[in-house]
Every structure is written in C-alpha cells, then in structure tokens.
Amino acid sequence: MRPSGRQLNEMRPASIEIDVTKHAEGSCMIKMGDTHVLCTASLESRVPPFIKGSGLGWVTAEYGMLPRSTSSRMRREAAAGKQGGRTVEIQRLIGRSLRAGVDRVALGERQITVDCDVIQADGGTRCASITGGWVALRLAVNKLIKAGDIVTDPLISPVAAVSCGIYAGQPVLDLDYPEDSEAGVDGNFIMLGNKQQIEVQMSAEGSTFSRAQMNELLDLAEKGVDELVALQLAATA
Amino acid sequence: MRPSGRQLNEMRPASIEIDVTKHAEGSCMIKMGDTHVLCTASLESRVPPFIKGSGLGWVTAEYGMLPRSTSSRMRREAAAGKQGGRTVEIQRLIGRSLRAGVDRVALGERQITVDCDVIQADGGTRCASITGGWVALRLAVNKLIKAGDIVTDPLISPVAAVSCGIYAGQPVLDLDYPEDSEAGVDGNFIMLGNKQQIEVQMSAEGSTFSRAQMNELLDLAEKGVDELVALQLAATA
Amino acid sequence: MRPSGRQLNEMRPASIEIDVTKHAEGSCMIKMGDTHVLCTASLESRVPPFIKGSGLGWVTAEYGMLPRSTSSRMRREAAAGKQGGRTVEIQRLIGRSLRAGVDRVALGERQITVDCDVIQADGGTRCASITGGWVALRLAVNKLIKAGDIVTDPLISPVAAVSCGIYAGQPVLDLDYPEDSEAGVDGNFIMLGNKQQIEVQMSAEGSTFSRAQMNELLDLAEKGVDELVALQLAATA
Amino acid sequence: MRPSGRQLNEMRPASIEIDVTKHAEGSCMIKMGDTHVLCTASLESRVPPFIKGSGLGWVTAEYGMLPRSTSSRMRREAAAGKQGGRTVEIQRLIGRSLRAGVDRVALGERQITVDCDVIQADGGTRCASITGGWVALRLAVNKLIKAGDIVTDPLISPVAAVSCGIYAGQPVLDLDYPEDSEAGVDGNFIMLGNKQQIEVQMSAEGSTFSRAQMNELLDLAEKGVDELVALQLAATA
Amino acid sequence: MRPSGRQLNEMRPASIEIDVTKHAEGSCMIKMGDTHVLCTASLESRVPPFIKGSGLGWVTAEYGMLPRSTSSRMRREAAAGKQGGRTVEIQRLIGRSLRAGVDRVALGERQITVDCDVIQADGGTRCASITGGWVALRLAVNKLIKAGDIVTDPLISPVAAVSCGIYAGQPVLDLDYPEDSEAGVDGNFIMLGNKQQIEVQMSAEGSTFSRAQMNELLDLAEKGVDELVALQLAATA
Amino acid sequence: MRPSGRQLNEMRPASIEIDVTKHAEGSCMIKMGDTHVLCTASLESRVPPFIKGSGLGWVTAEYGMLPRSTSSRMRREAAAGKQGGRTVEIQRLIGRSLRAGVDRVALGERQITVDCDVIQADGGTRCASITGGWVALRLAVNKLIKAGDIVTDPLISPVAAVSCGIYAGQPVLDLDYPEDSEAGVDGNFIMLGNKQQIEVQMSAEGSTFSRAQMNELLDLAEKGVDELVALQLAATA
C-alpha cells in the first residue's frame, strides 16, 4: 500500500558514514532512503553574548538545502537574500533538540555549530538532520574529550528524530516525499535514547486527528527511534 | 503554588471584545489575563498565485508584537529590516491552524488575512492569536454570508488554542509569562470545537517528558479549549 | 460644508486615556475622532553613541501603523523588510518635535524612546502621535522624578501638534481623512504650550498658497494647540 | 557677522551651467557657493502603475550625495544597502515640489525622473537640487516640445527653493554649512516664480520661533527666490 | 619544493563521478585533490526576460560554499542575507565561461542553470566548478538530445579551467590552498578543448609579473587543460 | 574602421584635472574621451580590523555610476538596496590594483579610501577609475608627506590601466562604448609604470582567442600605459 512497498512500521534503509569532510571537527553523511544530509559540527571560538562568562556551553544549528536537492530547482536562499520561514523553523528545531541532550555545564563555555545541508531530498530532511547532527556533535565532542579539553562527557544521551503520519488512512513510519505530500496528518518526534520525549510536533494537513491516532503514531515513532539510536551508536562506536 | 494563585487546571480570566476597529471586515480584542491581542480579518482582493483559477479560498495570518508589549522594549521588526524566526514560526502556525477549520471550496476564490498584533504580552500570545483570530475570521465571513457573497458557511468549526506545561513539576493549564519562563515542558494545543486535534507542539525546556505527562497535558488542554470555544461562540452569537 | 459637519475651526472630539499598558514607563491611547494612536514611552538602558559620556539625555521616536488601521489593508513593514519613506519621515518629525520641549541637561544621560502605533487611522496620525507621545513622555518622566532619579523637571513645556489645511477653498482645523485626501493645501503645526513654534510644514497639494492663507492656517492651529494642551494637562494632572 | 562676510539678505554667488552630460535629456550643474549639485532629467519609457492609462504624466526625483561630497567621508548608501531617512525625505520633497509646477495633463502619460547628485556639499543641497532640478526638467521638456511630442508647455512656472534661518539671533538668507550647523531655526521655502508657496518647512533647532520671525524669514526667502528664478530663466533662455 | 611534493607541472589527482543526485538533469562530483565540488545542471522552465521570444538559449551558474567546507567555519551566506563579492564574481565567471562553449541557437529558447556547491575546499574551487559544471551541462544536454528536444548538439567543445601561479618564485600548475595562500602571482585559465582561450585572469598578489612569466603560466595551463578535457570526455563517454 | 575614426593603436583624448573638490585629501576628474570619472581619495581614521596593530596601511576603493551616466537611465544602486555584481567586481579590482603599487609598511597604519564615481560613461570606466584613482591617491599621500605624517613615499610606482580588445577582427587600443559592445574579445590590463603587470583580465565575448592575439593586445596595452603614466605624472608634478 505504501508507494515504496514498505510495511506500515518499516523505516527506509538508513546509513551513516562518518568523517566525510576533512575540515570539520565532526561530520557525517546520513542517508534515510533517498534523503541525504551532510552534517558537520564546528567548534567555534566565539560564544553568543548571552553565555559570556557563564561557564555554560552552547549548541546551535543551521540548515540549508542545495538548490537542486529537490525535484525542481529551488531558489538559492543566499541569492534570495534571506532564509525562508521554513528554514528558520527547522534550524531552530534542530538546535533546540540537540541541546536537550547536552549537559551545558560539562560542555564548558564553548559553542558548537551543527550545519545540516541537504544534498538530496526525499522527505524527512529535518529528522535526518537531527539524527545525523547528533552524530557529528558526538564526534566533535569526542575530539574535545580526547584532547583533554572536556573532562565529563556532556552528551547525556543520543538524540534522534523520525517522522510518522497518517497516509491513506493508516499510520505509517518514516514518511518519504510521496507519502509526505499526501499525508493527512504529519508528525515529527524527537526523543532521547530512552524514549523520553524532547519535542512532539503533529500537524493536521487535510484531516484532524484524535488522541487514539496520536498514540498510534507515538508507538511507531518509538520503534523508529530505537532503530536510529542503534545506527548512531554503531556509527560512533 | 502558581504565581498567580490559580488552580492547576484554571485558565486566566478571558474576554473577547468584537468590532474594535472600524475598517476591518472582522476584528476583536482578546484578553487572556494580561495578554492582549488585537485581531483583524481583512478580505483581500488579491489571491496568492497558487490558487488563481482554482476556485479555492485561502486564509493566511501575520503576527507582530508592539515594541513595548513586553517587559523591556523589543526592537521593532520593521526597523530591524526583517521578521525574526519566532515571528515567522508563529504566523505560519496561526495560518495553518485557522485553515484547518475552513472549507476552502465553500469560501470560494478569495483571501482573508488575519493580523494578530500583540498590544500587551504576558505569555501565550500565539494561542490567544489563534483563538481571537478565529473570532475575527468568523465576523468577516459572517459579512460575506450576509452580503450573499458566500452561500455555504465555510467555517466548519471553531478553532481554539491553549498552552499547557509542566511548571514546578506539575501540569498546569494556560501558562502566564512567569510560568512560561520557568516551565520544564511547554506545549501548545490547537483543536477544533469537537476536540479533534489540529496541531500539537510540545517542547522540552530543561526536562524531557514521558507519554504519561503528555496525556496529562492533553487532558488540561481539552478542558481549556472547551472554555475558549464557549467564549468564542458567545462573542460571535 | 465639512464632511463631518464640523465648523471650520472645530476640532474632532479628542480624548487621552493614560496608563493603558502595564509594561511601559508611560503610555496613553489618544483618540482624535476615529484616529486612535497608542503611545508608549520606554526608558532605555542604552544611549546612542553620540551622547555617551556627555551627560545629556536623548528622546527618540518610532512610528508604525497596524496593517489594518487603514481602510484597505496595508502591507506590514516588517514583512516588506523596511520602513517606508513616509514612516521614516514621520518618526523623525515626532522625535525632533518632542526634543524641542526637553531640557537634555536636566534629563541626564538616558534615552527615552516613544513608540507611536496607529491602531485606527482617519487622518492626522502624525499630529496625534506627537500630542499623545508627549503625554507618554510626561508620565515616564514623572516616574523618574518620583523615584528621585531626576531632580529638575526636564520637560520645559507641553508639545502639541495639529493639522490644518485648505479644503474646498476654506481654511479648516484638524483634517480628517476625507478632508485630508481632498485638501489643496495641507499643513502640520507643532508648538510649545506658549504657542512658540517648533515646526511648520505646509505643502501644496494641487494648489499653491499665499502668505495670507498661511496666516489663516496658523490662526486655526493656535486655537487647536490651546485645546490639545489643555487636554494633555488634564490627562497628566 | 556671517562667517562668509555676507549681508544678512545676501545669497551666495550662484551659477547654473547647462548640458553638462551628453546622455541626459536635460542636465545642469548648479553651484550655490561651494554647494555643487549635478541635476539630470531622464525621460523614461516606463510610467508608474498608478498613472497607467490615465493620460497624466509624472515627475519624480532621486537624490544622492557622493561619499566625499562632505567634510568627512560618508558611507556610500549603495554599500550600506539602503537610502537613509534624510535621503528619502529629501527626494520626496524634490519630486513633490517639482510636480507643483507641472501641468500633468499637458505633460501626457510619460515619466521624467530628475536625479540630483551632490558633488560637493556646503549647506542647502536640497534647495539647490530643486532649483537645478527644475532647470534640467525645463531642458528635457523643451526637447519634447521641439520634437513635437508635447504641444502645450506643461511647465506652469519655474520652481525655486532657498533656505533661511536664524543664525546668531539674526534672520539670514541662504545658509551655508557653518551657519546651518549653528542655526537656531532652519527653514526651507519652495515657491513658484510668482512667489506662491509650494512648501514651507521650518524647524526649531535649539530655539523655537515666533510668527514674527517666521514672517521675517519669508521676506528673505521671497528675495532669494526672485534671484534664483532670474538665474533659471537666464540659463534656459 | 611544493608542500604536496608534486612536480611543478603536476596536477592533483582528479576524478569526476557522474549522476550523483537523482533529481538534477545532469550532475557530478568533481574532486581535484581535496577540493570537492558538487555540480548540477537544471533545466528550467522560465527563461530570463532578455531572451524571451529570441529563440536563443541561456546558460547561467550559481556558486556556493558549505559553511564548513573551509578550514574554519564561514558564515552561511543565506544567514548573512547576501552573497559576498567573491561569490558573485565567481558565479558570473562560471556562467560566462560555460556560455563560451555553447551554441545558443542550437540550444533553443531554454535556460540551464548550473549550480556549483563546494563540499570541501582546498584551493581552485572556481576552476573545479567550471570543469565539473561543464560535465553536468553535458549530461543535461545529452538528455535533451536523447528526448529529441534538441537536434543539433549545442555544446561546441568542452570547457575546462585550471589555476597556475608563481609559488616560491617558480611557476606551478594547479595550486592547492597552501600554495594559493602564499603565491605571489595567481592566475585562472579557462579554455576550450582546442586550447583557444575563453578567459585569462592573472593577478599580482605581492609581486607583479612579466610577460615572460605570463607565458610560462600559459604553458602550464595548456598542459592542465589537456588533462582535464580528457577526464571530462572519459566521464561523459 | 573604428567608429571614432581613431587608429588601431590610438588612445582617446585624455585629460586629468586635479583638486576638483574641496573636501577630499586628493581628487581629480579624469576624462578618457566621453568617459568622465570623479576620483577622490579620503584619509580615514578607522582602519579595517585585520590591520589593527599591524603597523601596515590599507588602500581600498569604491565605485559607482550616477544613474544617468549611461545612455538610458540605470536604477540607482542605493534605491535597489544593494551594489550589483558588476559594481562589486570593479571596486575590488580597483582596490587590488592600487594596493599593488603601495608599500604598506611605508604608508603606516592608516586607510585611504578611493571613490570612483562615473559622471559620464562611454566605455572603459574601470580602467579610467584605476588611472584617475592613482592620481587622487598620489595627491592624498603628498599631503601626508608634506605634513610630516609619512617619511618614506609609500607609492612605489604609478598604476595605470587600459582596455584593449578585438573589434571587427582587429586588435584595438582603448575601447569606447560602441567598440566595447561589439568586441569579440575584451581585455583589461593594469600595470606599474615599468610595465610589470598587476592584473590581466581577458574575456571572450563571442569569439575565443589565441595566444598570438593575446600578445598583440599586450603590445597595445603597453603603449597605452606609457601614455597614461606620462599623463599621471604631468598632472601630479
């Protein structure tokens, strides 16, 4: 029934390749089916003004799509002169989600910026960005620990994200673009490794939803997060 | 226990005054405690390019805060030269939420723009904007119906929104600013009058949350929405 | 002869309600007929670079119109990405006018920003902004005096403004929108309480004007300013 | 008493050289003492949307200062990414003033854009721009008449402008920069050749002013305009 | 003598992988040593206004660097709100260079946009973009030919580019970043397959150069272009 | 054969008038035929961050065209809200070229900004800007030397620039606009007084070029630079 022939609770084939760029302190290419996102974590010397002198660290994120990551070419945001509303919304979500897994005291007064650049899009880019972004962050933090710059590991738990939705009346896990564009309800679920929730965003797109449906989607999401966390841990082992 | 002395499941005193500006097709001032939002609905002659010739209508929203609606003066966004990420995120949410209650075929090929301008802020401005925005929309649509421009009522159901969160370890309804700034978990719940959900946004801010807590917040939200819908219907009766 | 039925030298019904918002140091809602402007005065911790260390104070102003304050909806300036020429012109005028009534030595090295936001427009918004802006400023300064932060009152005199013009060949006082849009000559007159002039701006719009006409408009303006100053003093008594 | 040694009612040496650039339909370099402004009038094929099909013409203006036209280098507005408030205010004034001398029916449905670029500034650039701008406009219109594109002369009268102010307690004509920066009151007077007034802008800068003073400045301004109109007519004879 | 141990006339290891993204009509990843650029060619439905109705085609290019493609993180241009001068300069060069190899009549009235996004930078990104951009263009045009949309091949010749410079007093081929940042003279050479020149850009950076040196660099560049063209043809065979 | 009747190797009549504006530390009006550029050199108190404390000086440039310097009116860049790609490219070239003739140690930690504003354009504005810009720079540096602020002359050599191209199949010197718009190959050559090269930019525009043609253009350029340097030295003697 799903365009891809997947089971309702079946994720797309997923992979995470680490150390894909030589400059970044941490980097990976995450592939969720045909959605490919390059994630880098950059240790930055400057910290935002509001943490200066606080001893606390900061993790932030930026998100972009290459102009032809999509089916028809999108206008380049740098040429348009500003980041669109969707971009801003997504990068705020990525940063907020990753911070929920960080002990900012243990991180110490430094900033790590996670860049998530979509090389190829096929639905679920924000979730892939969070999942891959955590891997890049993990690798960058590992370097700080190895160098003795950080003593206590500031990463409390993996952070992973998956989308679920109601497609053709059925709850399905990990929507691809053909499903996403037709789904009546669309949700993004971001969790820690222990399935404590960081952020839940559910949106009616065409049909509203009941609490029962919400709980079905959460069940699917927990299954997806389990698989993603296993993948993250394998990639950074 | 709450700074305001309210019960855990007690809303702030709420009121909706309609027809507060002479130019708009629909308008109201919604007050949720010390949060005051002026909502106007404007019938616009132009329609967005993507609905031209489709026969479908469109409802969109814009959101702003007066510079001194807040405790310390904020920079005016028009002077800053762009709308901030938070503003864009909120106005996209308002528009999406209101559209979930609209039969776009019945509306016909016209656009209604709902402006929500925060006169005074004390937490929950986005929820107040949605609840008040629906009232302004209702009034504008009533004029179209009265004038015979629309035959079938395109408003399927009221749309109302309320925030709930976990404050000092307890689930509370309708957070005010002192609570919002301290809450460990913060959620916005947007529903139709029959409590079908349009959008659920829950965010960990300091502490993550379990499914049990999520359900407690949903219980509170349903109670709040019931009260808000009664207020909306009374105001537009 | 006037669309409103007023006498040539008759002002619109005017009122000033103070303390309309809980956050601002001073605030009022001024209504000149159907023109309603919310004015707030904000004491700001930062001072502009050019007065740093000078011991002198600064008063500045910003002006905005809500998108549906006008007969047809205007584009929101924050969305357009910049303040229009008219906005910039008006807010510079408001700031300049208010400063003419301020002893900047007595004010001391602090900045007060007066925000004038038009809730509903029916002509004469810049004049209402100046008149109401002064009231907000007066209230904010009163607080500073009461708190002992200022010893000598820095407000030399009330500052009030009124528009006059030649409508249907006749000099009239306090133009409303129907008159303003048809007037052959349009003037804004800003004065101290003693009728010393701060700024005179007269513009031919369709017909030029003679010195005799100019003096007739000044006579009307002086009458209007007398009434406005009385209103200001009553509101802040 | 004046820094330049001029009489109170004495203008600076003024000259207008026409046809200074080969591309523009009309052009001149106006020099008011050390203030030098290059004015060009460009006949444009496009007309603004609001006159399309109306048969009416339009005259508009733009104003700029070369970065080193001033005593210390100013930031280039093109590099800053926007025109400052002062620039916008001035170019709106120039356009409005020139239009007051134009019969828009006789001009026919075409646009003439007058560019006023300050090569060297020493006070009074906006007035020089208006006076020189009219000359450029006159020359461009002459070409249209000569070519038979216009039958009735659309220029009703010359338009000229001069600044006057109260300097060291005395009313003086045609302020240069040293006077302008010290003046207690500063005014710009724009008139037709017959001394009918188009725009009067008087501003207190440090000291307010009485109606008597206003009339003294107007007397000076009329003398100045007489001299400027003679210069305009000689240059375009 | 070269930091990489290469001979003076030795290129970096180069490779071109085609069809690296599923959406674009043509795509490749070009690697010149550690410089990796993703190039896509997008067939666009819209054509620029200046070719409408002309029957001529257009090829244009855009260039970007991922924020962490460089040794220290660069600010994202979309976030900065504009493309920097260097970016604009480079993308204009890429577009101009590619067009020199295109028969715009044979292409027909359509636009192809070549996007060159630097994934990892180590010197010579603009040259790699041109060389890789041509491959993407070739692949996109092949599709048009195969589909019968184009009859005559509009690609006259491959277009390839290489940088040469004077490093430590010696002319060297294909500068990497350590060389580029120290080079006294830096040149970019863009040629057709037959070594006819499209663009030569040579710049003194620290030391000026003689005609003899210029000719030495050209000799190197011709060798480099020969190798690159062979690579392009192999990749698209 | 040339539209102007000039010999293939004949420059346009050229002149440089110095001290044309009273405010700038150095200024000139350079005329290359009908191309007129006003160049000013401004000594600036601020230095760019990257030279702070280095003891080194900096020379930078900005370029602009008056809206009606061209045959049809161009949009003013300040009104458009940004400098176009061509402007940015040209001003970067001017700055880079002038710096190649400067001993930055001898200049000392100060910045000189050279503004090149095109009053009238007829081809070759960037070359005229460099040649005239050097004269303005020379005059400003002379003042610093005369005032004893600089001991060793930091200007190593004159810097001059000329364009050459292939027009109607023939190599020609100093293209004017009619030639420039038709040329198959267009080059800009910037050299020191001893003909050492600073920058060579050659571009195919319609036809590519061989090394033999490149050398012919270089021969012409050297002749042109000799004449321009003589003019520069005469003007600043």
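Lettered A, B, C, D, E and F in written order, each chain numbered from 1.
By definition in this document, contacts are C-beta pairs under 8 Å (C-beta built on N, C-alpha and C of every residue); 3 or more make two chains touch, one makes a residue touch a chain.
Here the structure is a predicted model, which is why all the values come from computation and not from measurement.
Asker: Could you tell me which pair, B-C or C-D, is linked by more C-beta pairs in contact?
Answerer: B-C
Asker: Between subunit A and subunit E, what is the separation of their C-alpha centroids in Å?
Answerer: Computed from C-alpha means, the inter-chain centre distance equals 33 Å.
Asker: Averaging only over C-alpha atoms, locate the centres of subunit B and subunit E and give their separation in whole Å.
Answerer: Inter-chain centre distance comes to 51 Å.
Asker: Would you kindly tell me how far, in whole Å, the mean C-alpha position of subunit F lies from that of subunit B?
Answerer: It comes to 59 Å between the two C-alpha centres.
Asker: Could you list which residues of subunit F touch at least two other chains?
Answerer: Expected reply: 82.
Asker: State the ordered list of ring chains, commencing at subunit C and continuing via subunit D.
Answerer: In ring order from subunit C, with subunit D immediately after, the list is C, D, F, E, A, B.
Asker: Touching subunit D in the complex: which residues of subunit F?
Answerer: Going by the criterion above, the answer is residues 21-24, 27, 34, 38, 40, 42, 44, 62, 64, 66-73, 76-83, 87, 113, 115, 117, 119-121.
Asker: Quick check on the complex: what are the subunit B residues that touch subunit A?
Answerer: Listed in rising order, the residues of subunit B that touch subunit A are 82, 85, 88-89, 92, 96, 100, 191-192, 196-204, 208-211, 214-215, 218.
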